[in-house]
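Here you go, one structure.
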Amino acid sequence: MFSADQGIYWFVVFAVLALVSGLLFLMTPMIFAPRRRSAIKEETFEAGQLPPGAKRIRFALQYYAYLLLFLVFDVTIMFLFVWAYSFSSEGTYGFVYPLLLILVLIPPLIFTAKLSKAMDMW
Amino acid sequence: MDYLIPIAILAFTSLMAIMALESRSLVYGAISLGGFFLGLSLFFFYLDLLYLAIFQLLVYVGAVSVLILFAVMVIGEPAKKVPTPRYGGLGFLGGLLVALAAVFIALFLLFSFLNLAADTLFQIMLYVSPVVVLLAFVILFIGEPRQRSGYRFKAFGILGASLVFAGFIGVISYLGTVPSYEGSVTFNLVDLADSLLDQYGLLILVLGLLLAAAAFGAVALAKKEEEEQ
Amino acid sequence: MAETPPRDFLRTFLAVATVVFLACVALLLYLVVGPLESVLSYLFRNPAQLLVDPLFKTIVFPGLVYAGLVAYLAIWGERKFAAKVQNRVGPLYAGGLPGGILQNVADLLKILFKEVIIPRDTDKPIFILAPLFAFVIGALPVVLVPYSPTYVILDFPLGVLLFFVFTSFYPLVLLLAGWSSNNKFSFIGSLRALYQQASYEVPLFLAALAPVMLTGSFRLIDIGDAQGKVWFVLVAPISAIVFFTALLAELEKFPFDIPEADSELVAGWLTEYSGVPYLLYQFAAYIKMVAYAGLFVVLFLGGWNGFAFLPGEWWMVIKVALVVLVIISTRAFFPRIRIDQLLNVGWTKLIPLALLSIAILVGLQLLGVLALVR
């Protein structure tokens, strides 16, 4: 089932090759590079104009709604792909459902877009 | 060794699932959950259900795992950790037995489904499994006195799961065989497309409405949290 | 998590990595030794056979060597092009060859011997492994892109979808990298990169629907073959534009450069990465670009269909080179747009455009025009 003339075989070979070269790259400095640790080197880098404290994370969360919408659209797109696959052999009756599906999803999209603008705190 | 691939996939998936539940760190648990979804998709690939596998990968690993990981990372580790029972000797043994039993049962079901020869060895494993599970239940229920409550919780969970399994196997024994596919399990996207658009088109539309409502609700809830803060 | 000094962590990691490395090399040798023997056996009798051997395809063309070479030239090209446009010279001196082409080799050698700094209080396994995963996930799509009906490493029946699977894996790595840096700025940067990547996957997939609709198959070879009469970019130009724009966003190229913004949040989610981990991320980005450029050519620009005086693979190489050139030129030409503008455009403008293109295709089908194209 898993023989050298199948594409999946070479996919695995390629993946292992990529992994090996990545590991090579990672291991080289660990072996050869100097290790001069100091406390200041390992400080995290803090510069910029965002306010300190808890408000920082809030800035980053304002577009979370788009992620939720992304999940919804991801599922819808899978169905649309199935529809697209049969597009060339389908008659003309197959347009109604995808059309309705998309129409149904437009209100949430508009809602989310308006919402994200409203939370705009820049 | 034809069984090597499904067994390897099964081992990987089970390991990921156990790690997802038992990890100390929430982030590692979320990553393991992603790995679990990946393992499921490997099963679908093995069964030649390519579209389902891709769907699983795209939606579950690509979107659901990301959302869960995002939530876990932003919320951070809980300030007060719920004490999980450390696996001392008895607890470890109990857990190991349960895992063993689960693997036996899963292997038997897998081979029956694939119409492979579920030979005597596996049938023995199958009949031994309930005994193993009961033993694990007893051990975990007794547990170590200091952490009995945690163990008891797990013990009842195991009992519930094994009752479900037992019911399933009872049904199979009653029917005489594992219900398996008539016809081929080969990949046929055209038929899928036809049936989705034709028979199940309305159902898909209803699901779409459900998705839209869920999207509305989720986004609205998220906003409310922001305002309350 | 107990605080282990980074040096000890690095030592344990090195030990584990060496073991894994040797295991992988062993696996590789096991997998490759058979085909290698057969290659060597006919290499002297019938060398032409070498060009279509799968081992050759995987490693040389269109596999590792080719992708690596194009990525290398793209990095050099980006610096040179941006320099020329900005009235500078760009890389010039390294290595003596004209144009400073060996500059990247010099940079590579330098980075390989730089100290690996792992910041304090980070999640060290994830911190070190995230670049590795990024590299592997970025490199894998290369196997799917066909350079002609014979030159493909993995001919998957659902090639388009599998390519997008790799696309959707990348945000996970992004999140892990930013979070494990234990740096609020990095984490926020990675969140914004996540929003960008996730938001632009939707128009990317929707735009890719057009070639699938026109071909009736997800197989990339079928899609390429179907463009024998006319390239899909002429049939569905809006989809092509949307796809290319979403592609730029997925690759974090200008004008969608927010995640790596140099003047904001330092380097975004890459801030805490230096040396080889940083190198791995860059490699991942550029090899991804080669794969995506290849996908774009196959989906919209006719793939290996060209005039008959050159074999198909050559046409493919030329087209991919041109697309890569356009992608790298964006650095010189475009300003950076803000995250909210970015998300707004992605969701409210690109998605309707993609849907419009699909609607146009449906209309063309109803009018019976599409039959002329197939």
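Lettered A, B and C in written order, each chain numbered from 1.
In this text, a residue touches a chain if its C-beta (ideal position, glycine included) is under 8 Å from a C-beta of that chain, and two chains touch if they have at least 3 such contacts.
Since the structure is predicted, the reported quantities are computational estimates derived from the model, not experimental observations.
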item: Chain pair, B-C or A-C, that carries the greater number of C-beta contacts; value: A-C
item: Closest chain to global C-alpha mean, per-chain Cα centroids; value: A
item: Cα-centroid distance, chain A relative to chain B, in whole angstrom; value: 24
item: Averaged-CA centre spacing for the pair chain C and chain B, given as whole angstrom; value: 33
item: Centre-to-centre distance between chain C and chain A (centres being mean Cα positions), rounded to whole Å; value: 14
item: Of all residues in chain C, the ones touching two or more other chains; value: 161, 168, 187, 191, 194, 198, 201, 218
item: For chain A, residues contacting two or more additional chains; value: 57, 60-61, 67, 69-70, 74, 85-86, 89, 112
item: Residues of chain B engaged with two or more neighbouring chains; value: 51, 58, 62-63, 66, 70, 74, 189
item: Chain C residues within the chain A interface of the complex; value: 5-7, 10, 13-14, 17-18, 20-21, 24-25, 27-28, 31-32, 34-35, 54-55, 57-59, 63-64, 111-120, 128, 131-132, 135-136, 139-140, 142-143, 152-156, 161, 168, 181-188, 191-192, 194-195, 198-199, 201-202, 205-206, 209, 212-218, 264-266, 271-272, 275-277, 279-280, 338-340, 343-344, 347-348, 351, 355, 358, 362, 365-366, 370, 374
item: Residue ranges of chain A touching chain C (in the complex, touch as defined); value: 4-5, 7-20, 22-37, 41-48, 50, 56-57, 59-61, 63, 66-67, 69-70, 73-74, 77, 80-81, 84-89, 92, 95, 102, 109-110, 112-113, 116-117, 120, 122
item: Of chain B, residues touching chain A in the complex; value: 2, 5, 51, 55, 58-59, 62-64, 66-67, 70, 74, 189-190, 192-194, 196-197, 201-202, 204-205, 208-209, 211-212, 214-216, 218-220, 222-223, 226, 229
item: Residue numbers on chain B that touch chain C, as the complex places them; value: 25, 27, 31, 34, 50-51, 54, 57-58, 61-63, 65-66, 69-70, 73-74, 187, 189
item: In the complex with chain B, residue positions of chain A that touch it; value: 1-2, 57-58, 60-62, 64-65, 67-72, 74-76, 78-79, 82-83, 85-86, 89-90, 94, 96-97, 100-101, 104-105, 107-108, 111-112, 115, 119
